[in-house]
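Common to both upcoming complexes is chain A, partnered first by chain B, then by chain C.
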Partner chain A sequence: MRAVQALTVVLLLIAIAWGGAALIPAVFAVAVPYLALAVFLLGITLHILAWARVPVPFKIPSVCGQQRSLPWIRQQRLESPFTSWQVAGRMALEILLFRSLFRNTRSVLTPKQRLVYQPDKVLWLGALAFHWSLLVIVLRHLRFFLQPIPRSIQLLSALDGVFQLLVPTLLITDVLILGALLYLLGRRLFNPLVRYVSLPADFFPLLLILGIAITGILMRYVDKVDLTAVKELALSLTVFHPTVPHGLSPLFFIHLFLVSSLIAYIPFSKLMHVGGVFLSPTRNLPNNNRARRHINPWNHPVPVHTYAEWEEEFHDKLKAAGIPMEGDD
Partner chain B sequence: MSKTPEELLQIHYHPPKHDWMDPSIDFEARRGTWSYPGGVKSLEYLGLPNPREWSPTDEDWKLPPNWQEIVHRGFKDLLTKYRSLRIFMDCCVRCGACADKCHFFIGSGDPKNMPVLRAELLRSVYRKDFTTAGKILGRAAGGRALTIDVIKEWFYYFYQCTECRRCSVFCPYGIDTAEITMAARELLNLLGININWIVEPVANCQRTGNHLGIQPHTFKDNVEFLCEELEDITGIHVDPPINKKGAEILFIMPSADYFADPGIYTFMGYMLLFKYLGLDYTLSAYASEGGNFGLFLSRDTAKRLNYKMYAEAKRLGVKWILGGECGHMWRVVNQYMDTMNGPADFLEVPRSPVTGTVFENAASTKMVHICEFTADLIHHGKLKLDPSRNDWARVTYHDACNPARAMGLLEEPRYLLKHAVNHFYEMPENTIREQTFCCGAGAGLGNDENIDMRMRGGLPRANAVKYVHEQHRVNLLTCICAIDRAVLPTLMDFWVPGVRVSGIHELIGNALVIDGENERTTNLRGEPLHGEGEVSDDV
Partner chain C sequence: MYDAGKIVPGLVLFLAVVTFPFWLNVANGTSSAAPKLELPKGYTRCVEATPVMRATHMELLNRWRDLAVRHANRVFTNSNGQRYVRSLTGTCLGCHRDKKQFCDRCHGYMGVTPYCWNCHVAPKGGAQ
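Take a look at the complex of A and B:
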């Protein structure tokens, strides 16, 4: 089964980190993260460049609202953008709020043979919870890499912990990301259609990120990590003067290795949707085709049937029918 | 018709046990869901590859010996020409949001009609041939070798997509399966795999100027015949100019409008309107087709056919172009024409001679949609309309896919209807506007041998019509698309008997009060104005 294949790989990665860190800690604390980052940066750059090199021959927005036409008809600016600013607005909605996913419906054929389309926002909610938690968690991690810790990061962490008034040490994003990941995974496993289309490469990132989240949470709540040691390592990495402090637990090495695997994996996987969402020609182009001409750089000539050829072929018939011809006047 | 509505409604949405990666299509068993191959003569006329006699039911499709190499090279070529294709190949996350948005999936339950899986049919080959992981890991990385069975499966499913772009509205990255289908059809074309319902009209259009192969003298005959009918009904004499140099406006409509019921009544509507306005316009027997089946074959053939519009406008020396009611025509005119065959710097920015309105939204392409044109007239109070002449009709409106999702022409047609009829009812909101459902027969699939799949694909549309038919006794489905006018009557007869189909300018023509006309006792179809549809219990 495809999920099992993916799980096996994740478990293998965990085993490698566990065994490897015991034998050669410096490799796993220093070389691997550097390497992963290098692969990530290079990979992403090359990938985006490869995309950017390919031309966009036609302006093909998927229009989702009223066009701009007559002045007294209200244009839907964010669904059918005409100007670049409106496009920026549409893109912002897509990137920050997953606008299109919000449209999601579920089609149901009722026993009375009526098709109904029920609003289905759970996927949208799950996707949003997952991505925003991920972003906040990544940002929170900056406290390890920056000294002094910027106020904004402190504030973010504080906000993330507002429920600590009720439950000590609880971070909202930890709960959200776990819940969202389990939902997304559950969907893949138990929704028959989603399961049918899922590849190992769809389970793998979910399981990998789940592994990262779980090891992270364990370090926070169960096998508490030596935070000063972690910060020492992180800071030394940022100034390219790596030192491997004592007191880093196997759990930390597993966490770090899984993160390294993830970032190195991004450029070669569907996680490139990060870039795709910005570059998708159906979303990032304005619906102003008839007002502004779009240029196709490879617009090659094609064999056409000219008027002259046409008139020649149908000359007699045109004449008999009295249709005006070129030679007439 | 091979299946009854009850039989077709036995739809199972549960995927089969076996892996989707193993293709096998039994064409014999699936008659009624695919289209006959492109004819030799047409392919030869167009100079397209590998013309030959063959049938999908044959074991041997008579492909060139190096067919794999041809597809590989063609794929590579497309990947360097279309960023859309590159990105759509790379960034689908298989979230499944698009799955039940496709009318073919809803109507058939075949998982390969989920847009995501339709795309995977191509994407799996992309992974295997063009990505590192796929080259090394093969199937574990979702890669699939290009076998003859894969090709057969492409033919089956990429001719079960009407390029309607509904899936693209729901996809978080805007992945447009129409782009993928177009790419796949272009690859299949390289091997001479295509369907006659597309290839023949394209060849006809290239030669005579229209899909139906109507030659210029017959074009004139048809137009005159319809104008006589119109005169019989209204007492108004119209005599549209053909190929007239120096006219202000070139009017281009889909050929079905001057050829087939019920499009011909829409044609009468146009003619009456132009007469009423005293418009200085001309028709063209050379550019006698608004539609463009070339789009369904390849973007090159789309460009070949579309070439005639600007060429003819230039030759005739008109100032701008007005376009009739047609769906895919407007996809080409709105999103491709200027790029493919422009710039139209020999034309002027369209300006309505009646109201003085300058159509800034068409400043570059110089082509205006007739719904925009007429909406502007009504807004300026230039038309005298008597909507009660359409009281025989209880009307709903079907947004054709392309005017909706490639243009955003949503309000204009509704505005016209609200002024031309008294009884107008919208279908449920998830089935109209940008979420509109396809007729199930667009993109060249409106042929008779494909009838089962047409009825299945048209189910969501028909089901929504049925709703307003039952709730509001709607008996007329209006649309601004020639393919719709050709295929929806069959769809309605099958799923919702009692609902007929018309264009919007037919209803405008009915309602238009013209000086010197006979008292109207019938509509443009010659049916009594006070018919069964007229009921006055609306609240």
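Take a look at the complex of A and C:
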């Protein structure tokens, strides 16, 4: 049901793009992408700045290895970082290879009704395949936005098409992203535990990106578009002299509208994990509590009256009563 | 704001990376016009209508290749009933003699590198 709601929204977006682009192409080719990009940039900036205003009261890295201790005990630098460089290494592993997801487990009941936890590397593999493919696809799309096209982007495209199957060449990342998205979607649909905790906001991004990937692949293999027209539009947008060339197909407008919807949606959704991963206190703080004091920036100035001051204040009375004091003997 | 010394530069870097096609193209004064192609002299029409060719010539060539090589079917009749020999070098480059100023120029613009020329030859007539 929740998946159906999300699917309905995606289909609605497709219908809007289809109908709208036929009536007012300039709005869908120029105004919508500009607006979506503005919402994306502004939204991410404000969201990050809002996060930056939240204090971190404690140093709370969640670690999973031996911390720095006595010289003869080996520290696990990446699992329990002590210096900023070690934190950087840990963050890089997390961001580039999803280190913590690698430890993902799943709970299963054995036939004898015993609960056991098993490693579940499939989710890690699916997530990795999806995110890396997305990155490579976005980088390859730079061919529409840059003139001349940098060698590195050309090389990336050549590597991606290294199998040289089909015309146009089969791209490895297209296969990977479709497979990974279908797996991630299937996991939410068919695993009862995950389905129970899945909301429309979990299905929507998956279906939206699936829609983007499918329209892109259709443009490449089924309903061919005039790519020179696409590049003219893309370049004209980047130099702020938008022109809408002839020959853009409805499929292209759907692709572009779904992409615009996606980037405008990012700042308001769980997709903000793009920025959030960098600001996770459990990841980005060093485990050096004992060596370096973490001052809670939130601390309200509290009037303190220490024991020494108290003793000083009642010195004479305490002395007269013969009560032993720490201060003077 | 806390940790502004790290968060603000990180944010600025992110914004710069995301928008770099914009400022790069504006700074370079990149023209958005597609490159001028050297069209064959003495002909007015391609084997199919120009918009069709522009979008689907790779599929046409792929079909030609399969039909010619696998089914020995080398005669192509277009939508106007005109006949052409299914041949990459002979037909396409028979009219589009200057591969550099035509195929390559557009492919360079779009970042496409067909591997056909590993085996097929382009006519010597045009600038190689």
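Convention: the second predicted complex is superposed on the first by the 289 of 329 C-alpha atoms of A that agree within 3 Å, B and C clash if a C-alpha of one lies under 4 Å from a C-alpha of the other, contacts with A are read in each partner's own complex, and residues count from 1 in each chain.
Going forward, a contact is a pair of C-beta atoms (placed from the backbone, for glycine too) under 8 Å apart; a residue touches a chain by one contact, two chains touch by 3 or more.
It should be emphasised that the depicted structure is a prediction, and the values quoted were computed from it without experimental measurement.
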Let me test your reading of the model: by the given contact rule, A:F240 touches which partner, first (chain B), second (chain C), both or neither? second
On the A-aligned overlay, A:K121 touches which partner chain: chain B = first, chain C = second, or both, or neither? neither
Of chain B and chain C, the chain that contacts the larger number of chain A residues: B
With the two structures laid over each other on chain A, which partner does A:L279 touch: chain B (first), chain C (second), both, or neither? both
First, second, both or neither for A:P55, with chain B first and chain C second: both
Applying the touch criterion given at the start, work out whether A:H141 contacts chain B, chain C, both or neither, answering first, second, both or neither. neither
Using the superposition on chain A described above, determine whether A:V225 touches chain B (first), chain C (second), both, or neither. second
Contact-wise, after the overlay, does A:Q154 reach chain B, chain C, both or neither (first, second, both, neither)? second
Please write out, lowest number first, the residues of chain A touched by both chain B and chain C across the two complexes. 54-56, 275, 279
If you look only at chain A, which of its residues touch chain B in the complex? 5, 47, 50-51, 54-60, 62-70, 72-74, 76, 79-80, 94, 98, 100-101, 103-107, 109, 113-115, 117, 123, 127, 187, 191-202, 268-270, 272-273, 275-277, 279-283, 287-296, 298-299, 302-307, 310-311, 313-314, 317-318, 320-326, 329
In their shared complex, at which residues does chain C touch chain A? 1-4, 7, 10-11, 14-15, 18-19, 21-22, 24-26, 29-34, 51, 54-56, 58-59, 61-62, 106, 108-113, 115
Please give the residue numbers of chain A that touch chain C in the complex, ascending. 41, 44-45, 48-49, 52-56, 142-143, 145-149, 153-154, 157-158, 164, 167-168, 224-228, 231-233, 235-236, 238-241, 243, 247, 275, 278-279, 297
List of chain B residues in touch with chain A within their complex: 9, 11, 13-15, 20, 47, 79-84, 86-88, 90-97, 99-101, 106, 111, 114, 116-117, 120, 131-133, 140-142, 165, 168-176, 179, 206-209, 215-217, 220-221, 242-245, 285-286, 299-301, 303-304, 307-308, 311-312, 315, 334-336, 338-340, 342-343, 357, 359-365, 367, 372, 375-376, 379, 404-412, 415, 428, 430-431, 433-435, 459-460, 463-464, 466-467
